[in-house]
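The chains carry the letters A, B, C, D and E, assigned in the order they are written, with residues numbered from 1 in each.
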Amino acid sequence: MNFEGYIHLILWPTLIGFLINGIFGSKLSRKMSGVIACIGPLTGLLATSMIYLTQPLLEAKTVIIYNWFTIGLGNPVNFSVYFDHLTVLMLFIITGVGSLIHIYSIGYMKDDPGFSRFFAYLNLFLFSMILLVTGSNLVLLFAGWEGVGLCSFLLIGFWFKNTEYNKAARKAFVMNRIGDLGFILGVFLLALKFNSIEIVKIQESFGEIAKNDPTIVLITLLLFLGVCGKSAQIPLFTWLPDAMAGPTPVSALIHAATMVTAGIYLVARMSILFNLAPFTLNIIMWTGVITAIVSASIALKQNDIKKVLAYSTVSQLGYMASALGVAAYTTAIFHVMTHAFFKALLFLAAGSVIHGLQGEQDIKNMGGLKSKMKVSQIVFLIGTLAIVGCPPFAGFFSKDEILASVYSWSFWGFVVLAFSSVFTAWYMFRLYFSTFHGNYRGTQHTWEHAHESPWIILFPLLVLAFLSIIGGFAGMPEILSHHHLVKEYLKFSMVDHTHTVSHLFEYSLWGITVVALLIIGILSYRKYSTIKKEDFEKEEDIISKILANKYYLDEIYSIIFSRPLKSLGSWFKNVFERNGIDIYVKAPGALLNKASLELKPLQSGNISWYMISILLGFLAFAILFIFKF
Amino acid sequence: MDKIFYILSVATIICACMVIISKHPIRSILFLVATFFLISAHYILLNAQFLALVNIVVYAGAIMVLFLFVVMFLNLNKEVEAHKGVFSWFAAIVSGGSFFLIVIKALEQSKLLINDSPNHSIGLVENLGHVLYKEYLLPMEISSVLFFIAMIGVVLLNRKEKIVKEN
Amino acid sequence: MLSIIYLILVPLIFGLLIILFKNKWSSGIALAGSAINLFLFFFMLSQYNGGLRIENQFSIPWIPELNVDLHFGLDALGIFMILLSSLILPVGILASIKYSKFRRKSYYVLMMIGLTSLIGFFSAQNDLTFYVFFELALIPFYFMVLMYGGSDRKRALFKFFLYTVFGSFLMLASIIYFRSLINIGATSDWSILYGVELNLKSQTWIMLGLLIAFAIKSPLFPFHTWQADLYSEGDRPAIIIIAAVLSKMGVFGILRFFNIFENAILQYQTPLIVLSIIGIIYAALIAWRQSSMTRLLAYSSLSHMGMIAAGIFSASVSGLQGSLFQMLSHGLVIAGLFMVVDSIMSRTNNSSIYGSSGIATSQPRLATYFFILCLGSVGLPLTSGFIGEFDILLGLSSINWILALVAGTSIILSAIYIFRFYQKSMFGDNHPENKSWTAITLNEEYVLIILSILVIILGFFPASWLELADQATSTFVQLKSKIQ
Amino acid sequence: MLSIAILTITATLVLFLGFSKNRDLILPFSAAGVGVAALCLLTNQSLWNEWFMNMMNISGPSKAFSVLILGLSLCIIPFINEFRRRGTEEIADFSGLLIFSLIGGIMMVSYSDLMILFLGLEILSIAMYILAGADRKRLNSNEASLKYFILGAFASAILLFGIALFYACTASFRLDAEVLQNSTLLNLSFLIIFSGLAFKIALVPFHFWAPDVYQGTPTIFTATMATIVKVSAFGALFQFISLCNHHMTEWIYWLLSLIALTTIVFSNILALQQKSVKRMLAYSGISQAGFILIGFLNLSPEKSWSILYYLFAYSTASLVCFLVVHFVEEKSFNDDHSSFRGLYFNNPFLAIVMSIALISLGGGPLTAGFMAKLFVLNNAAIAGNIALVVFALIFAVLSLYYYFRLINQMFSHSNEIKSWSIEYPYAGILTVLSIGTIIAGILPNILVDLLK
Amino acid sequence: MENSTPEIFSAIPLTYYILLSTALFVVGLIGVMTRKNIIIVFMCIEMMLNAANLMLTSTSAYYGNSGGQIMVFFTMAVAAAEVAVGLAIIVMVYKNLKTTHIDIFNKLKG
């Protein structure tokens, strides 16, 4: 099969799966739905592997499928895909993790009445995500970008009877759209500047542009606004924790492994552009750093198992962004990959726990589950170790690379990131220990019914756990190996700045990491493996409160943006419409009606008066026209 | 001659004013008759004897008698009209006066035609007859329609109501 | 080649047939008439060669004194809107069938006259034909709303009617003024009128009169006060057509006359765009706070029309092209949305978005079509709504990126109000009254399916239409380059 | 001249027919007479013209005016029969008077000598004074007749004074006479004559009689006043302005503009709040007259067709309106706005023809009314008075308010549904008028060619 | 008498006659507008017609043009017809209303 064939195999099966499940879903059996849905990502994974194996991709390939539309006079926007190493890597992540999560979902969702609808959405999501990473131009990329936002909306509000979930879904979509506006404006400015929106063509025409060209800075800033929305950076990150309203596989797939990394992908994809705007890069770095510390600190005080993971996702995204900010694009993508493994693992494991506890999500009501859910506990532990950066798990390598890169760019950024990784370790251990160790704190009834999940759920967990363990070796640091596989693979796609740090720094960093993790692990074990339910409520100092309430960011946003706009809208609707706009129509009408009534007495019916007015009229005309006064 | 004109004119105006001033309808009618007679006198002065005669016959003789008849018939002779509305008098006099002024002003600003040797015998019956039946035959014929209409109208308007039911 | 007069006459003939046949046949005959019309139109479309030519012309001498013919023809600009009208009219008829107990012949006769006048309007080839059909289109819809509308319809209708007529009389004045300024030869088609060179002052006056007329008709901010009232009080099948097609007449008019007052538009471009943008945001904010479905759609429509107007005023290739495309797309979307609202309201008799929660549970298919239409409305990529908005915003950003930014907030606000609308009416707990719902009828479902599919197909394959739009607007841009 | 003779003979014979028992013959005979007269005019059968020293000349625009007058009366005459339903038997007198008044109308539109104008005006007016009072028992009719008479006589006196002044300046009654100088007095006399004619046309501020009289007069004769009298008076004004255009300087242009504007503004505002439909139609007629006056701004004999076209459009439409009002009045005993409620459901035919007529009056598209407005306003624009065009159109919106208020009434459900029937001849006339309105709107060139 | 030229034509200018008839006309006008009895109002109108007649006659005589006097002749005819019809109307109205006061006739208004 040739290259085009593989492309079609990657693109369309998910869409077909969506259509079949979406249109005929209610008529299909659950098994059929599940199988049809899984075909999509699996075919995609297979085709991607085939491309990886058979096509060396020495140079990027663009395949035009059809002419989508034209902008302006004869400037075509094609529905065309672009394949380079970055695309293939992203496709691996997407279809790989996607396949696993599809399989997982068959087990997880098996009792849900909206089973086929769920798979339809998942397939649609994968289609959009594939579109996003393969789109050869920014408009198609944007189509995928919005498509994943839409699927996120649909899946967060999947259980649509719950009004809160609906709100969360809307919030996610709207916040994404704020970013999208920035993105699309960036696209416009690019299109106007380079007269094309094909990524390749834009990259080709960079030669003559100076660094920090104002237009480029503006474009990159606007694009970064899009990134903030999609990848949950400050100030647009508050939607992501709320997005945990959706079913757990969704949280794993969309809100941890793939969609939120789209922003990272975008910056990596446009790395040449961003390289021209160091100003923007600085902003990206600091945004990432601050996002990382802020969300990590919030995660310290969350009690919902998924919320903790959500904030940890935001925090990890902050890491990735700061890597982008220091122009270490490959590192960021590397972290995307490892993060996809361990965060999906964590979420799915958490889902397994939730599944086993009939939907319980609050860690206050957990504890001691290791006896009931052995496999889940182990894979969760693997995931935890990976995320806190314990060598030699996947997270260790990527995180270490990020810290090193940031250090070489900005010392203070490094310090903050290091702090946030301490926080990460603390809240992850807290989560792990309070869930699986100690005594069960929930009701007796749930305890009795708590059970390990079926194999269809556990299988993906095991695969992911395996990947979380070995994933990091794809990018070993220089001091261990000269073959950084990811870097080598991606060197055709993007241009990193070179970050060199001394070996001494690197060793000491490792050392400190290991020591710190040990200390934190022990402390955490002592505190949380025996914690009582009441103890969760005891921590009531001001800082905890602020953290538990997410720095009151939602409230602040509401006061600054949404409420004024709402009341402005109400004012427009109730006051200005009636007294401002309507007045154009009403006032002349009322005036004329009044005039009509006022003038009626002129027509008094009195003959003498009529004769007088005829004469007066005549006199007036005579004076006006004959004597020309 | 000019004195006759002035006297006649002043008398005409005074009579005319009396028509509108006098409160009693009969008196008004009589003053109007007097006015018409004075106008006829003017006509004689202007050598329009035929018109003078017709004026007396038609206006003073027929029309005013008709008026008188109606006033008597309707028993209006006792009705004395109260001249209230000072305002309406004021308005009427002001507007009438300005009409007069306008005509004076217009007259001042324009010259009238001057005919050096006018034919002053046109007012005689013979001359008028010639013209009437030659040049002005059409209006002459058509005025018959006018009278016909007036006749039907009077009959129509004051016929006694009789309702004839058709089968 | 078929003459376009068939498109205009066929509905009239079918209207006559309706009068001759029994009451119960009338909806069927009307449907047949509009279907034949649609078929004829597609036949013409298949033979359309494109370019700047006017095809399928029909012309008879009309007012020789003013050198005006009654002249119709198919051109690139008109095709969009003729397509829209022939598509939406059957939608209106299908929507009205469920009320057929209360409908009489007159209703369908009016529908047919409406179709005639709309096609006549969009294919008019000179200013007076244009004007006559501009006004004519008002009359059938006036009577439809008058005879079959809601309880408070008269007030709303009157506001609409007088306001619109005020506008169209201003337009007539402008046209008369325009014609008094020029000397034209044997005929006065658009091509000749476009060639007239006027000085800036008279252009400005003409633009003022015409723009007010068009702004009232569309409506555009701040001349929209009739809209919400009419949409909520009118007869809903008629409102479907009014919202989808009649509201485009205004902006279509701006495009039609664009060449005539182009200099004036370029002169006052910034204030015009700013006004449109204020309208976009203003309407979106009000839509956000609406609890009545019909009013919400009215304001959302106002917001979108503002976007279209902004695109036109941007006087750029992509802006004009996007506006034209968006007119088509918005017509389909708003027709579908009103169809959904009609389906809901005909069952619940409640226009509040809170009055019908949980429909998605009892009517999943309705919810699905509704959702697709919502996506079209918020302009999600790969739906028809995206292409237009994209081009318009691109056109705006070619003038000033800040303008595009501010106008672009509508994509945020539209997401807010449309999804609020969607979630409140479709999601949530199943409203107790919904249990007694009858399932949506086949008629409604066909309409919704077709509209949804069209929204998506146009999103995936807009290219040929955009090419048409390109041809339609290319003359403007040529002129523009000549000026600069 | 032949047609005038035919009309006279017909009228006289009709009056005599009134004595006979068989009254069914009267109206067909009258109609036939009028029809023959109209035919004579159309085929240029004119005897004895040379006998009358060229005092009137029925040709060109005058002929068109005359035919229009005769045509309108043909539509009105059959309706006189309706009086018998009320028990009034003098239909012979009515139709005789109507035919006589036509003679006056023809004189007015074709005079070239002011004497003929005065006589014609009086013939028409006196007949109308009588017809206004035809409903002797109704106080409104009495009052209308009296008001019309007193004010009409007053206007005639003023007109006569104007004629006298004209004579004093020129020693002639012929408007096309050579004048030595263009003096102020002459202009004053023009203005006075104009005022006299404006009274008949009912232009603001000489319009005061119109609403009162229209309201009180029996509706059929209101229709006559609104159409025949107005057409005749406009014909007279047309003759007047076209004949002495060379005497008048610019002031007539501004005078016409001002009067047109005040007429349109004032009448439309006053019409807004009328409850009586006849009264409303009266005001609407006044405002339409304002529009027609705009057509005089750019007057030349070749342009007469636009005025004629407008008069055609106006008179057909308002004839339909008044006739429909007549039927409604017959059924519900008043012409109140509310008695039109639900007319569509009682008799769809009446409601539809009335709507068409009202739309035409309002200048709706594809009706004669629109074309008429277009032609007239185009004249004004060519004459350079674009401001007038704009204001006239803005205030014309008001007229749509009251027309459509009536339409709203007709198409609203009323509680009681009665089925009213209308006899075929009447329906036929209304249909012909409506179709004429629409055809003249769709294909105006047919009518325009005719008028030319 | 036929050939004799009356003195008046040389003694009094035409303008005086015009003024005189205008004055009469104005008096009639004032009467028309102020009097309340319809019959009197009607009489005043007749006076206005007569004023015009006077002007016509005098100008006709001064110019030696017979048209004016013919016109006066017709005016009288018109006046006669008018009076006949007018008085008939007034009598008809009086029968119904028993008054000739002008202010009673204001039922039709507005």
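Throughout what follows, a residue touches a chain if its C-beta (ideal position, glycine included) is under 8 Å from a C-beta of that chain, and two chains touch if they have at least 3 such contacts.
From a predicted model like this one, the values you see are computed outputs, not experimental measurements.
Asks: By label order, what chains touch chain A and chain D together?
Replies: Chains touching both chain A and chain D: B, C, E.
Asks: What pair of chains is linked by the largest number of C-beta pairs in contact?
Replies: Maximum number of inter-chain contact pairs occurs for B-E.
Asks: Of all the chains, which has the CA centre nearest the overall CA centre?
Replies: Chain nearest the centroid of all protein C-alpha atoms: C.
Asks: Please identify the chain with the largest separation between its CA centroid and the CA centroid of chain B.
Replies: Most distant chain from chain B: A.
Asks: Please indicate which chain is farthest from chain E, where distance is taken between mean Cα coordinates of the chains.
Replies: Relative to chain E, the chain whose C-alpha centre sits farthest away is A.
Asks: At what distance in angstrom does the C-alpha mean of chain E lie from that of chain A?
Replies: 98
Asks: Between chain C and chain D, what's the gap in Å when you average each chain's C-alpha atoms?
Replies: The computed centroid separation for chain C versus chain D comes out at 42 Å.
Asks: Using the average of all C-alpha atoms in each chain as its centre, how far is it in Å between chain B and chain E?
Replies: 4
Asks: With chain centres taken as the means of their Cα atoms, state the distance from chain B to chain D in Å.
Replies: 30
Asks: Could you tell me which residues belong to chain A and also touch two or more other chains?
Replies: 600, 603, 605, 607-608, 611-612, 615-616, 618, 622, 626-627
Asks: Which residue numbers or ranges of chain E touch two or more of the other chains?
Replies: 14, 18, 25, 28-29, 32-34, 36, 41-42, 53, 60, 63, 65, 67, 70, 74, 78, 81-82, 85, 89-90, 92, 105, 107-110
Asks: Mind pulling the chain B residues that touch 2 or more other chains?
Replies: In chain B, residues 88, 91-92, 95-96, 99, 102-103, 105-107, 112-113, 115, 135-136, 139, 143, 146, 149-150, 153, 157 touch at least two other chains, as defined above.
Asks: Sort out which chains touch which and give me every pair.
Replies: A-B, A-C, A-D, A-E, B-D, B-E, C-D, D-E
Asks: Tell me, which parts of chain A touch chain C in their complex?
Replies: These residues of chain A touch chain C: 22, 26, 66-73, 79, 139, 142-143, 146-147, 150, 153, 157, 160-161, 163, 166, 169-170, 173-174, 177-178, 180-181, 184-185, 188-189, 191-192, 218, 565-566, 568-570, 572-573, 577, 581-582, 584-585, 589.
Asks: With touch defined as at the start, can you tell me which chain E residues reach chain A in the complex?
Replies: Against chain A, the touching part of chain E is residues 29, 32-34, 36, 41, 102-103, 105-110.
Asks: What part of chain B is in contact with chain A in the complex they form?
Replies: My answer: residues 88, 91-92, 95-96, 98-99, 102, 105-106.
Asks: What does chain C use to touch chain A in their complex?
Replies: Touch list, chain C to chain A: 159, 162-163, 222-226, 228, 282, 285-286, 288-290, 316-318, 321, 358, 360-361, 364, 368, 375, 380-382, 386-387, 390-391, 393-394, 397-398, 401, 404-405, 408-409, 411-412, 415-416, 419-420, 423, 426-430, 460-463, 466-467, 470, 474, 477.
Asks: Touching residues of chain D toward chain E in the complex: what are they?
Replies: So the residues of chain D in touch with chain E come to 115, 118-119, 122, 126, 129-130, 133, 136-137, 139-140, 142-147, 149-150, 153-154, 156-158, 160-161, 163-165, 167-168, 171-173, 211-213, 215-216, 274, 279.
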